[in-house]
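Look for subunit A in each of the two complexes below; its partner is subunit B in the first and subunit C in the second.
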Partner chain A sequence: MLRITVDGTAYEVEEGLTLLQALDDLGVLMKGVDIPHYCWHPKLSIDGSCRMCQVEVEGVPKLQIACDTPVRDGMVVHTGNERVRKAREGVMELMLVNHPLDCPICDQAGECKLQDYAFDYGQMHTRTREPRRALKKRVDLGATIVFDQERCILCRRCVRFCREIPGTSELAITQRGDRSTVETFPGKPLENDYSMNVADICPVGALTTRDFRFKVRVWFLEEVPGICTGCSRGCNVHVGVADDQVRRYTPRRNDEVNDTWLCDYGRMTYQEIGAPDRISEPAVRGDAGQLVGTTLEQAVECAAQLMRTAVEKEGPGVVAALASAHATNEDLAALRGLLAALGSETHGVPIVTGPADALLIRPEKAANAEGARVAGFGEPGLLLDKIRGGGVRVLIVLGHDIIHEQFLGSPEALAALDGVILLDTHRSRLEQVAHVVIPARHLAEKGGTVTNFEGRVQAVPAALEPAFEAVAEAQVLARIASALDLSISDESERKRETD
Partner chain B sequence: MVSVATRAAIDAEIAKMPEKRGALLAALRLVQAEYGYLPPEVMEEVAQIFGLHPTEVFEVVSFYNHFHVQPRGRHEVNVCTSLTCSLRGGRGLLRQLQAYLGVRAGQTTEDGRISLGHEECLGACGNAPMLRIDDTYHLDLDWVRTQQLLDGLE
Partner chain C sequence: MGHRVPHVTHYLTEHFADPGYTTLSGYRAQGGYETARRVLAEQSPEEVIGTLKNAGLKGRGGAGFDAGLKWSFMPRDQAGPSYLVCNADESEPGSFKDRVLMERGPHQLLEGILIPAFATGAATTFLYIRGEYAEPARILQRAIDEATAGGVLGSNVLGTGFAHQVVLVRGAGAYICGEETGLLESLEGKKGQPRRKPPYPAECGAFGRPTTVNNVETFCHVPHVFARGVDWFRSIGTEESPGTTLFGVSGHVERPGLYELPLGTRLDEIIFEHAGGVPGGRKLKAAIPGGVSMPLLPAGHLDVPMANEFLREHGSSLGTGGVIVMDETTCMVRVGCVISEFFRDESCGQCTQCREGTGWLHKLMLRIERGGGTEADLDVLEDVAGKMEGQTICAFADAAAWPVQALLRHFRSEFLEHVRAEKCPFPESFEL
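Let's turn to the complex of A and B:
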């Protein structure tokens, strides 16, 4: 370990790091030690092009860029004295010489480093009279990203990202001098599974996602910590909420899970939350064979009645449950609790699989696949055999992954059951055979814990209320239990009440 | 595909360099000499030879004025317009050329005969105004002499 002193405070840092890396590892960069920077990014190679992170190192005549200056034992650094300030003002002035004054229509405004640092180091007046360079304001780099050439400060973060993280290298800085711009190779648009990260790491408003562009000013967003539900990686995200709607996911840094990245597929799963096909009202199958909307109390009572009748006729063994790998650990614990209280041991969980890669994307396409396994839910094959053999009369189903083509493919196999009690977030063909349908909450609407593929249990709060009346599956199951005069000894449920 | 001869010349350039990519500029010059310009598929082939991403080759090609991604005329006529030449009539010569050929600097005549351009300091300030036709310098020009030079190009 080396000892360095930054602005009078001593730190122990590891050898072989540069100043910014060391401060970032200590967790003090921009949280106590403010060294402004554009091109440096903790997860990308060092570029040293923006010159914004200049600091004074005692004994070194010229200012040094903190991003590319190795730490030395006994190093004494000043990050905010007059000389440093002057240098940064100079850098800012040159960066702003050609920057358009379009903050009022720029999506980055409010979370723009150029704006932030202009407040700290900018001049009130411009000293140049020459016209700003006029370039293209709307270049489609690919299907997901729109590029504004005028706003670009040429930090090369996006170029380095494409070369170093997905390794696809679609982007290049072409031309030179004040004609320099970001371009794709002729005929090869920006197209990879992680393309939208370039908009996150763009320190200015040059790269924006087509999805979020012009949708909402970022200062109206409430950013709540969340977990992406696209696969079992459990990438940490910020859930951006405005007007009771989720407007975007952006990656939340977690070096143990997803670094600072998020795949495009996962990022777009936020759209499921406000999708038009959400189940928004409880329903029970009426006498005419149609699903009829009702209250939650009625639906719960109806579900309890189906179970009561079946148990009275044929014993608890004929009630079974299909868990969901999308449910939280709390929901799954409640389901186990209900089954245990009934005395049924017949259950399983369908986990849909799909393409994976070596970076983030996992084959299991649900956030809590591992949590379901840990809770004791196994492959659904045995349960399905028992259903086909007539050994099940009533089935509680969380989610509709069971009718995915990797499992049943259609709900027909469940049509012969006396009762199918469906707790689900989104409409599906499973409703055709359901006797009771109860709306469920999305993870972002209920919070809780999910367990990722490595066994990491991650807790998130609820980010918003659903647009309709719905309670979490755990609470629905608890209500069904109490309607049956059963007490489900669920640790997490008790804990939630006492919290 | 670059010809066997060009490929051999590229390999000879690579052999001279401590790092392979050091020969990239030389290779691009050789390939452009063969094709007249550097279309995307050729840049990709060069990238493959050097183990680079095509975008890295594209960056180099776009950085230098002497590399072209569009087809060019049979002859390059470039007037020097740096300060000394401009003081001695370089820019006037360029204007006359534009009017005479009916194209602007950076464009190619319709018959594909001449690509007109201008560039900074060809190192012949003492003999300004001057221009370069392909690889040959023409010094101490006046309009009559320039016209003769142009008309002599096939």
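Let's turn to the complex of A and C:
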């Protein structure tokens, strides 16, 4: 460990780091020690080109860029004195020479580093009377990203990202000098599984996702911590909520899980939350064989009745449950509790699998696959055999992953059951065979914990209320249990209190 | 050592009038490659470095760094190859000495490469030549081929057992590829953009290997240092800057051309005695001592000896020795326009100050020249140049800022004249 002094405060830092990296690792960068920076990004290689991060190092005649200055034992650094401020103002002024300053119509306004630092270090208007560089305002770099050439400050974060993280190198700076611009090679658009991250790391409003562009001004957006449910990585996200709707996911930094990235697929899973095919109303199958809308109380009662009848007729073993690996640990615990109280041991969790990569994307396409295993849920094979063999009369289904071709294939396989109790977020063909349908909450609507593939238990709060009446699955299950006069140890509630 | 060496003060160009000198046999006829053979056969690398350090040969590529010292930075104990690079990118307006050195004395350059190559243990020299130099490239390639066929280059250099190859690489037309790390990027097939330093090339240069980059002329001096000795070499030029150099004189002089003269020759002597002075009886107005990136000097300051230690006192530098002479008909704002246009065009564009500042300077210059400037613009010019200086990845931004600062320092009144008259007081000499 080395000792350095920054603005009069001593810090212990690790050898071999640059000043910015060391301060970032300590958690004080921009949170106590303000060294504005554009090109430096904690997860990308050093660029050293924006020249914004200059600081004074005692004993060194020239100002040094903090992003590329290794820490030395006994180093004394000044980050905010007159000389440093003047240098930053100089960089800011030059940076703004060609900037369109169209903040009022810029999507980045409110989370723009240029705007932020310009307030601190700039005249927002430079003294230039020269015409600004006129460039293209809307270039499609690929299917997901739109580029405003005029706003680009050429920090090369996006270029380095594509080269260093997905390794696809679609972006390059072409031309030189003040004609420089970001471009793709002809016929090779920005097209990788992580493309939208470039919009997050672009420090200005030059790169925007086609999805979020002009949707909401960021200051109307409430950002709540969440977890992506796209795979068992469990990437940390900010759930961006405005007008009671989730408008976007953006990465929430977690160096142990996802650094500062999200895959495009996972990022877009937020759309599931406000999707038009959400199950929004409890229903029970009526005498005419149709599903008829009802209240939650009646749906719960109906479910309890189906289970009661089956158990009375054929014993507790004929009630079984299939849960999706999207269910939280709390939901799964409640389900196990209910089954245990009934005396049934028949359950399974089907885990849909798909392509994976070496970066983030995991093969198990649900956030809580590992949590399900830890909770004792196994592969659904035995359960499916038992269903096919007639050994199950009533089935509780949590989530529709079961009708993935890997598992049940089609819902017909359940048609012979006396009761199919479906707790789900989204409509599916399972409704054709369900006797009771109860709307469920998405993770972002209920919060809770999920366990990622490495066994990391991650807790998130609810980010918003669903647009319809729905309670979390754990509570639905608890109500069914109480309708059956069973007591299930509600681990979910206890867990939540201790978190 | 009783014998007296003849006092040759144009040793680099002595045989340049002889067309045969470009061939291997012609070069050998003048004793060529004998020095290298003797040095490689008889001396240790340490001795060679020692001699070079004692010689005090300063790099001729612009920065004037001590060549022997630079070669001594090359690690000798590392496994794997190390490289020399001969910087033949010569793109500084006003400079054309390397071109002549390559066209007229390609073997002198190759011999000059072999000695430090041996001293640094380099396996290969990359000779990086600017793309526009098609003819010098052809001549050099022929010389390399001839030298290779003749056992001068290759696995057994001059029969000494030392192995060395020279690889000619042509650039694609960018001034910034003359900056040594921009060159290395380009050499590796990347966009020519200077690297952050450290690491310096001696540690991590071409293809990640220890590398030293030197100017064409720097190499060309080396055989002479060994042929005639350190004392002889140091007897030419000044204490701090020994040897001759090639002054390329262009602009308003009677006899533009290349003059090999001792370092420390006075600028006015070069202009008036060697280059014949200003034609048509017109008065001299200013001169740039060493290529456009060096601050110009007004007529009253031309009695300065052309060596860095003296030019420094005048706020300028020797640069590449490309002297550009301007007479009284020259509009200094136009000079500013032309120079700032060059830098705007050539900035690689990585650093904020350089990318944006070069464009801004050029726009300001143009506006003032066209009569649209204000007094405040002069302060902005100075201020922008100040903000570009000393804060960027490479020295290009300084090179772009200094000429502007010098113009304002020495010719502010002429800028003001443009502002007040709202037009250029000079007849338009060429289209901007």
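Here is the rule we go by: the second predicted complex is superposed on the first by the 491 of 499 C-alpha atoms of A that agree within 3 Å, B and C clash if a C-alpha of one lies under 4 Å from a C-alpha of the other, contacts with A are read in each partner's own complex, and residues count from 1 in each chain.
In the analysis below, a contact is a pair of C-beta atoms (placed from the backbone, for glycine too) under 8 Å apart; a residue touches a chain by one contact, two chains touch by 3 or more.
Note that the coordinates shown come from a computational prediction; the quantities given were computed from them, not determined experimentally.
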- request: After lining both complexes up on subunit A, report clash or fit for subunit B versus subunit C.
  value: clash
Task: Mind working out whether A:90 is in touch with subunit B, subunit C, both or neither, as first, second, both or neither?
output: second
Task: Classify the contacts of A:185 with the two partner chains as first (subunit B alone), second (subunit C alone), both, or neither.
output: first
Message: Between subunit B and subunit C, whom does A:487 touch in the aligned arrangement: first, second, both, or neither?
response: neither
Message: For A:9 in the superposed arrangement: first (subunit B), second (subunit C), both or neither?
response: neither
Message: Quick check for you: in the superposed arrangement, does A:163 touch first (subunit B), second (subunit C), both or neither?
response: first
When both partners are placed on the shared chain, which of subunit B and subunit C touches more of subunit A: C
Message: Looking at A:49 after the superposition, I want to know if it touches subunit B, subunit C, both of them or none. Which is it: first, second, both, neither?
response: second
Query: Once the shared chain is lined up, is A:176 touching subunit B (first), subunit C (second), both, or neither of them?
result: both
Task: Would you tell me the residues on subunit A in contact with subunit B in one complex that are also in contact with subunit C in the other?
output: 172-173, 175-176
Query: Okay, in this complex, where on subunit A does subunit B touch?
result: 159, 163, 169-176, 183-188
- prompt: Which residues of subunit A touch subunit C in their complex?
  reply: 46-52, 54, 62-63, 68, 87, 90-91, 93-95, 97-98, 127-130, 133, 153-154, 156, 172-173, 175-180
Task: Mind listing the subunit C positions that touch subunit A in their complex?
output: 174, 176, 191, 196, 344-353, 355-360, 363-364, 367, 376, 380, 384, 386-388, 390-393
- line: subunit A partner, complex, touching residues on subunit B are 40, 43-44, 53-56, 58-59, 62-63, 69
